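Notes to accompany the following structure.
Letters A, B and C mark the chains as written, and numbering starts fresh at 1 in each.
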Amino acid sequence: MSAEGVERQPLLVARDLRKTYGAEDVLKGVDIDLAPGEVKVVLGSSGSGKSTLLRLLALLEPVDGGTIELDGEPLGTRRRGGKTVPARERDLAAHRSEIGMVFQRFNLFPHMTALENVMIGLTEVRKLEKSAARERAVAMLDRVGLAPRASAFPSELSGGQQQRVAIARALVMRPKVLLFDEPTSALDAELVNEVLEVMEGLAEDGMTMLVVTHELGFARRVAHQVCVMDGGIVVEEAPPAEFFAAPKHERSRRFLEALGMLHSSK
Amino acid sequence: MNPHRRARFLSLAAACAALLLAACGSDDDSSGAADPTTSSLKAPASLVTAGSLKVCADLSFPPMTYQDAGGKPAGFDVDTARAVAELWNVELATQNTPFDGVLPALSSGRCDLAWTGINVTDERLQTFDAVPYLDTGLVLLVGADNPEGISSPEQLASKTAATQSGTIYEKSLKALAKDLEAKGESAPRVQTYPKMTDAIQQLVVGRADAVLTQDTEAAYRGEQQPGAFEVAYTYPEKDRFGVYFKKGNAEMQSGLTTALSELQDSGELARIAESNGLSPENLLIK
Amino acid sequence: MAFDPQIFRDALTSSRFLNGALITITLTFAAMATASVLGLLLALARQSSIRPVRWGAATYTWFFRAVPTLLQLLFVWNALPQVIPALKQGWFTPFLAGYIALSLNESAYMAEITRSGLVAVDSGQKLAARTLGMRPVQTLRRIIIPQAVRVAIPPSANEFITLLKLTSLTSVISLHELLTVTGEQVSITFRFAELYAAATVYYLVIVSALMVAQAHLERRYSWRSRTVAAGSRRLARMRLRTEIGR
């Protein structure tokens, strides 16, 4: 994948994001852009702040500093009397469905079938009629290859299948951006590929994606940009070819070394 | 210790242990055991073996049976039972049993006598034997100054009357309600409670306008709380209280009758009646 | 007195027993229903971000669990009318008083049960619902509560059975439910073996019906499609065979 898409007008712009939990500064000023159709992979060890970054971008929590803009519209913050202040819950809620999120532990609703899981966002949030919602949901399950399992409950699906349903659930809302928080980390090795394939398919179809993952092969093949986070900031960002050949930052090197990926081809 | 005494001592100890193991609410009433050589009356054989007279009573029906300030059994029935037990040289053991359970306990042998202000009725005499001892009648008890101006049962129409459940009082009130309805009046609201004291409490609460109860109960209340209650009406029909025991127990029948006569002759019975607020004229023992 | 089957049968079908049983059942159902709703509200209040609300709910559950049920009944029936004279009148029936007291009492226990159900729901569930854009009330209704209910079913059934027995306390406020009626009949006819047996049959029937309902409810909340349940058993057996064969 080339880095062409990066030239276009950014879809998601986050500047100087800060977040503090209690006494600890978890994000210390993160800048990140996503152009339409861009796939960006975020690497980093635990504690680097990458999960927090996703939570802020998903509007699950208000920012303690910085701005987020989606399609030019400010989210996460609002203007009050000329100043920029953290957004209120109801402001965040309004925009949440525009940013989809896929979780490490799937978080499917266990009391609903796969189909109902995918439908519920449409009926409750988009206020669609059940029949219209069902149509779209079936189509989406088909897209992730799970149409025949539509009436199965999550407890009856494998991990890979559950994650694919989770992707369908997020996707059916037609979000502008899809965030992935280590989508394959909780899966057995043989189930990882079916999920990565679906994600690749989405990328090919032009979905704008921000993916936190350890799957470096995926990063190499699919990402337009690779970021490394450490200690609450982005320490390096480069196209994958460049990055994997010769990471510039000390932390990036150590990270790749730890994963045994330095100078190897996958 | 001579063998005779040891046997009595052991059976007494056994009886006490058995009583402790019995259902809670059991009260031990020990009157000093008299010298066996000076026993004046012959007690029924079963009692001599056991060494105690077990009496079932519902200790919530003063002045016949109740608990005094120290929680000990008291009342006319208890006092008389104690006097009889002394004559027989056995211990009195009072078992506090809810009224509903008194006669069943007698049936199952958990007590020798049921002595707790129980009316003598044909129905009960089909299953048990009894010795009548006191004439008694029903009254309508009302609160101080008779606020509803009740002077006869008919005036209970569309009022609230309370009494103890599972008793002839309840039957009587329900019959009254039926009568009044048949006459075209609105029936009284009848409420029944587990204990007579609960029913009388409703006079204090102000929910009940009248309580149908025994003249003995009314007399007791009058003494305990002067001025709080009034007897609004006394029923002309008289009933009898009886001591119940197992049907066919001739020994108990004769023994009890003899003991009570003895107490009447010595004036002891009249003294017990007066000390409990009852009129000796109502006694049935000759 | 030997056990008389005829008396037993008569008691079983007597209108007195039927009425008493009816009162027992309706009182239990009504109080349980109210207590479940109140309990849910209290449980949610315990999780509120507003301190006075949290504190109020905690105080409620503390008080109504501490005071004996019998005392609460007597208080509502005898003490309250001193403060609210209207309660002395005919419309304030023993059933109504019993219903109020038992509902308030039971809701404190249901609050704790519901709270444990709510706490048992995985925190990721709320997260997923929020990212879809669902509002807190929607999340509660469609996602959290169904899962909390599943956890709460067995202890709630327990509470129902306890409440069924507790209704016999209402005899002290002159309500004639099943056990009271039984006792009264015994004091009139003294056929206690037959009457106790009849009452026992009633209780057994009621509790058995509840247990059937509970099993049905738990099956509904097992969130398994029936064909898959059968198929997975076959699959598990197959897997086991291949494992052993390897």
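Here is the rule we go by: a contact is a pair of C-beta atoms (placed from the backbone, for glycine too) under 8 Å apart; a residue touches a chain by one contact, two chains touch by 3 or more.
Predicted, not measured: the structure shown is a model, and the values here were computed from it.
Engineer: Which chains lie in contact with each of subunit B and subunit C?
Structural biologist: none
Engineer: Tell me, please, which chain's centre (mean of its C-alpha atoms) is farthest from the centre of subunit A?
Structural biologist: When every chain centre is compared against subunit A, the largest gap points to B.
Engineer: Of the chains shown, whose Cα mean is nearest the mean of all protein Cα atoms?
Structural biologist: C
Engineer: Please work out the Cα centroid separation of subunit B and subunit C, and write it as a whole number of Å.
Structural biologist: Inter-chain centre distance comes to 40 Å.
Engineer: Averaging over Cα atoms per chain, report the distance between subunit A and subunit B in Å.
Structural biologist: 84
Engineer: I'd like the Å distance between the centres of subunit A and subunit C, where a centre is the mean of that chain's Cα atoms.
Structural biologist: Result: the chain centres lie 45 Å from each other.
Engineer: Spell out, as numbers or ranges, the residues of subunit B touching 2 or more other chains.
Structural biologist: In subunit B, no residue touches two or more other chains.
Engineer: What residues on subunit C touch subunit B, complex-wise?
Structural biologist: Interface residues on the subunit C side: 1, 78, 81-82, 85, 88, 90, 94, 171-174, 176, 180, 183-190, 192.
Engineer: Over in the complex, which subunit C residues touch subunit A? Could you list them?
Structural biologist: Touch residues, subunit C against subunit A: 122, 124-125, 127-135, 138, 142-143, 146-147, 150, 221, 223-225, 228, 232.
Engineer: Using the touch definition up top, name the residues of subunit B that touch subunit C in the complex.
Structural biologist: The contact residues of subunit B facing subunit C are 98-104, 107, 123-124, 127, 160, 162, 165-167, 170, 189, 191-194, 198, 201-202, 205-207.
Engineer: In their complex, what parts of subunit A are in touch with subunit C?
Structural biologist: 58, 60, 93-94, 96-97, 99-101, 103, 105, 107-111, 113, 120-121, 124-125, 151-156, 166, 169-170, 173
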